[in-house]
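Each structure below is given as structure tokens.
You will see two complexes here that share chain A, one where it goes with chain B and one where it goes with chain C.
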Partner chain A sequence: MAAGPYNYSYIFKYIIIGDMGVGKSCLLHQFTEKKFMADCPHTIGVEFGTRIIEVAGQKIKLQIWDTAGQERFRAVTRSYYRGAAGALMVYDITRRTTYNHLSSWLTDARNLTNPNTVIFLIGNKSDLDAQRDVTYDEAKQFAEENGLMFLECSAKTGENVEDAFLDTAKKIYKNIQDGSLDLNAAESGVQHKPSNGPRGANLGGESSGNKDPCSC
Partner chain B sequence: MAAAQNKVKLFENVLNQEIISLEEIKKLCFSGCPEEASIRATCWKLLLNYIPPETADWKSHLKKQRESYAKFIDELVQNSVENDNDSSTKDHPLNTNPQSDWNQYFKDNEMLCQIDRDCRRLSPGLAFYQYETKYPYGKIFKSNHETNPLRKRLAGIALSAEEIHTNKVGTFQKNKEIKKKAPEQLSDGEEYHWEVVERILFVYTKLNKGQGYVQGMNEVIGPLYYTFATDPDQSGQENAEADTFWCFMNLMSEVRDNFIKSLDESKVGITHKMQQVMEVLEKIDTPLYIYLTKNLEVKPQYFCFRWITVLLTQEFDLPNVVRIWDSLLSHEKRFDFLIYICCAMLKLIRGDILKKDFTAALKTLQVRLY
Partner chain C sequence: MPFTQFIKRASSLLGIDYDSNNRKHPPIDGEIVFCKNNVCVHPPAVLSNQVQHFPGYLTIKSQDDQVLGTTLILTWIPNSNLENNPRTVENSPAHSGKNNRISPRRSPRQDFASEDYVSPEEPPPTTLGVTNVLDETEEYEYRLPSKEEVHAALADTWTSVTSYFKATSFDEKEKGEEKSETSETPRVSESTESDSGKCLKNPTKKRLKKSSSGSGSSQKSLSIEMEGEQLTVVSEEDVFENDSKAKVDKLKASFKLNLEGSNTPAIRIRSDSRSSTDTSGPDSPSSRSPICVHQFSFPDNSVTYQTSPPIDSPSSPASAVEKICGVFSVDLGQMRSLRFFFEDESSCSGQMVIASRESQYKVLHFHHGGLDKIRQTLSEFQFFAARINGDCRQLTVVRPHIEKHVHPEEGAYSKVNLDTWNQHMNEKGQIEDSYTLRKAVFFAGIDQSLRREMWPFLLSYYPYSSTFDEREQIRNEKYIEYQNIRKLREEMSEEEREAFTRNIQCIVEKDVVRTDRSHAYFRGEDNPNIEVLQNILLNYATLYPQYGYTQGMSDLLAPILAELQHESDSFWCFSGLMRNTIFVSSPKDVDMDKQLVYLRELLRIMLSSFYEHISKQSDGLDLLFCHRWILLCFKREFCEADALRMWQACWAHYQTDYFHLFICVAIIALYGEDVVQQNLPSDEILLHFSSLAMHMLAEAVLRKARAILHDFRTRSTIPCTLSGLCTLCGPGIWDSGHVPNIVCIGGPEHSH
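Then we have the complex of A and B:
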């Protein structure tokens, strides 16, 4: 396998879900561009981002699907869940309604992905602590009860954003290593790319990846 | 230069007839309206059935429509239950009766917050909406309020959220973030263009309760409001709000199915339209169709959901969107023609797509501004 800057051994598919206005697109933008987008337009349907990260010395390309939050788009966004290895479920710590809707998002995430999909709960807008409407402790408890990983983040300052995306990848990688995630299973959400090895399904047919035209 | 003048002449010849031939206007508009005079604003109003082909009737018709809109404003924006000081009413904010006006008021507040969030971030790439309008609420509508009551209402919602917060945590920290959100840079009696759009959407949603507000409606209204609010004709500009409202109503009556979830899987719904794009593509560019669907397994909802739902408003700069709408509004098949524009967009980037893998191809397909 040629060693180049765009080489990677795995592709992980992520989806970002949660109510409208919680900052899903801003989190994606902060993670891929390291910038806060103040006037981010709302998402219609789905948007797409990628970044190559490193976990345990392995280069991994994250393929991130950012979905529309409004209820009207639920039927369409459901088609994006298929084959996700990681799901970032986002609420806004300053708006309790967005937290109250988590169980419905979680139901979708559980029903539409595979049992090994890593679900990471993100309480966004941690920079607005003065407006806080959901305490850290109750969200932490919700996460524990449902077996989710959890962090409070700020797409604005960047706080913990990197960690949320990376910790999800580490957990997925660990699941691969200990065998709980079967790469040959359909819809694992992971595609392994050794020079001539088997490939996971449903991430779309990536070419052999030696030269990725987009240097993200 | 001469050609441009010639074009204006062609339009004027048709528009100066006593009874305008819609067929001829459609033919001319299809290849783009000139920027001069108020040709585009007038043509769009004709194409959207807002004004009749009989030019003699325009004045009275516009007057009537603008007055009806002012009545909606009066009933739906001006006279809300919070301004009702009649102490004999039995209704009160804690009334749990679902029929209660207050109950409705709080439901409307949720919708208003949603509209507000989206209108603030309308076309961030274009400064237009962040500018003041010359014709704000107080100047256009007869009212004892100089300022748009919706702004006051939104400020009230933000304030009550702040109060709840201080009660819960038990501190009395003043919250600067909320303050910053309110459009306070403008004094009473002034307002931004996006606040006008917000008001139109609020009225539209109140009148179309079954459908409610759906994200994307704010984008569809954009080109209409922009065209009318920049109309060189002063009376047109002054009445941009009411005219946009009626044209938006008429436009939505044709495209509303895209916004209704329960129709998604029906013959008229968005899913069917996306499939049509792929069917046409298969005919006109089979190799691209095969590459997209078989090699990459790209589904149309990954890229053309937005194209169709918001009528391409997100894919190009506003001046280009307006130009595309000239053709879209004047084509006899109108929104079926949109399917072909989508295919043309795919054809334009086919060379790029055919070289790319799934991730890169999807990024190319999703990039805004061709």
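Then we have the complex of A and C:
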């Protein structure tokens, strides 16, 4: 039951958060489809994307939850964050308000995820440099102060989009390797091997693996 | 003319009682098998202080039916309709549309006034030339100039009826109307006696009366006749009163027995008919008339009328009365049973109670006989099984097979198109029977070309009862009002404007440019319609600062604007949508919570295995996978045409105001089996259903949702948590709706 794109060792759960209109869905679409989607409808509730990537020779399936910028039901946002191994926190470099809201997004992310969740700050719309409202340096400083990874990206041109998603995965993988992320923890956001039991009859329709997941 | 019909006609002309037992051949499609004038409908007593009599004209017409061979369409039209608008019936397109005859399953209302109301110049094919003899006496008795006068008169004692009729004058104009109506009197094939059997008055006498009433001495002849009429009534009353209360009790007891003997949990005779059902004074006719002994009251858990105003007519109980006393038209073959309650053994007056499969009831009062005749006529039809239960004679509808897990009325309606729409509208532009119309929308949808015209009604912009003129007026007034709202927004103070821009405008601006951009109406760069969309949303947020703007609103508005293509009209329709639909993009958790509580409970009782599964998963009961379904009413789950079908089915407010929740249950019922079988956790349930978006079969889902709604409504008990699901929408044309017994179980859901 080897070979093929559906053979992967891990599933990482990501969430994308940030103000409305910063380009969360477009980033996801650029990453999964390698295309810019103009007029991408606003997200209601949550939407999904998946892509299989390779880190250090290991195939990893990214399961990405794309959330609504204006979430009305705080009670359920908890569910989105739960079990996320990575969180992409997005602002729009042309709108300062979206940057100013980062601290509240960060508070949510910290409170609702586990301590090992990798948080990656993305300054989107880097192609609109002429309309820039937030400098690279101040965002970089904010990221460093809060221990976040940071890149400016453009969902339109695709610049740095791949890197943001991959760097997050690399960091998670590193955490697994050095033992700081416990895979057995209930909400690690990582599944080793495509789960045990007959799961995953969705998103790409991959058949469930038959290997023993985690021997411990 | 077929020989049998010739015989029939000859027999009836000769006054020979045609032996109905010999008649084995089914009637021709469209043939009228029974008609009777002055059959009364009484609005439930709670709606008014005293029993109101709404007399009307009853016809029963045969119609070809795929399953039964022949079915019967019973139609009751209030006299007031005929009076206000004697030509209504002729305006019915069914009248001109002979092709309707071909259709095997016409909706009852569709053709209620077709062949039965043909003018003499154009006799229908089924006419046998027997003129229907209307009882003029009764015509005058009930053909009252105004409702107020009826009330005034009925407030007097029964014995003073005569004086009332003396006091009520009929002017020449009214007489003219009477005459023209008489000339339009339907011609029918048989059973046309207005009062038949033992109660039949001498036809000769009637003709005499008729001629005298037409001769200008109507008042005198009327009063004489009324005295005659009154005598009968009084004597009945005397018998009743002399017979002591024992008989009444006996009657009541037997009714109760009969009804409880049936499978339906609904009707019980109230033990004290005088106290609660009739709140009129002791001398009022209602409390003394023998009819009132039989006055039904419905169980406490049945819906007799809206405590809160109905969705489509947000006015007073009067509108509920009008609805209940409006045109009533049903396919008897689709009913559960008919029961006949005779006043006493020798009487042919009494009540006929029609029970639908969903245990809704309609009581038709035969104050002037004819009940035995209608029972006899109906019992000849094979799809009725007769049963005698004490004093109650019952006909149960027997259908050869009813498809399981399907709404019994599935397929009985066709899409509402311009023709159907015009049929429902009288010459002033009023929709007289919005219930049947909404029902058709619920089952079959609306033709695309009619959306622009019909949506404003479904979205409470125009009341169904409004006339063309009134609608024009509403439109103008609302246009001005809209302009004022716009001004309000433009005249904000600097401070207000800043907050508005920050909290509302910048969000709206972001969303409108990415709402339905693939739709032809919003396509392309610098499309001016996007600005219109934006303006409406900003003005809405100005008018309703408590709602502001939430994501999703633009999705709900865009199809409306694209259809109406008018800013002010779209604004008001959108406002109506937000007001009427509970699945609106509400900024508050409580509204969504209410939906989810209902949905959880529905799943618990309708899809218990799925419910058990999700209740075992962490966050499973949050029903995350349903949120978008509810918020956008399935707009992202189905293609536009299908989603709009669902919107319209929800907007129809037929039997429930929460049809969207039944659609949710239907989707889960059809596509959720894997979830349980594969034991999926919450996350993957969400993934499972989101991957199904745009891949589900809308028709199957809607069909299933209707079946689930029917299943829900025919349950004998439901938890109290769901008691609100089917109350607001009201009983429509029926006297009573039905909700099952409500049981409070105090489950874990209550604390949720």
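Throughout what follows, the second predicted complex is superposed on the first by the 187 of 216 C-alpha atoms of A that agree within 3 Å, B and C clash if a C-alpha of one lies under 4 Å from a C-alpha of the other, contacts with A are read in each partner's own complex, and residues count from 1 in each chain.
Simple rule for what comes next: a residue touches a chain if its C-beta (ideal position, glycine included) is under 8 Å from a C-beta of that chain, and two chains touch if they have at least 3 such contacts.
Nothing here was measured: the structure is a model prediction, and the numbers come from that model.
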| item | value |
| --- | --- |
| Touching partner for A:Gly83 - first (chain B), second (chain C), both, neither | second |
| Touching partner for A:Lys61 - first (chain B), second (chain C), both, neither | first |
| Touching partner for A:Leu106 - first (chain B), second (chain C), both, neither | neither |
| Which superposed partner A:Leu128 touches (first chain B, second chain C, both, neither) | first |
| Residues of chain A that lie at the interface with chain B and also at the interface with chain C | 20-21, 39-42, 44-48, 63, 68, 70, 72-76, 79, 202-203 |
| Complex contact set, residues of chain A against chain B | 11, 20-21, 39-42, 44-48, 50, 61, 63, 68, 70-76, 79-80, 128, 130-133, 202-207, 209, 212-214 |
| Residue ranges of chain A touching chain C (in the complex, touch as defined) | 13, 20-21, 39-42, 44-48, 63, 68-70, 72-76, 78-79, 82-83, 97, 197-203 |
| Residues of chain C defined as touching chain A within the complex | 502, 506-507, 510-511, 513-518, 550-552, 554-555, 585-589, 592-593, 619, 622, 624, 627-628, 631-632, 636, 674, 678-684, 686-688, 690-691 |
| Residue ranges of chain B in contact with chain A within the complex | 114, 117-118, 121-124, 161-162, 164-165, 168-169, 173, 175-178, 214-216, 219, 259, 261, 264-265, 270-271, 295-299, 301-302, 305-306, 309-310, 314, 355-360, 362-363, 366 |
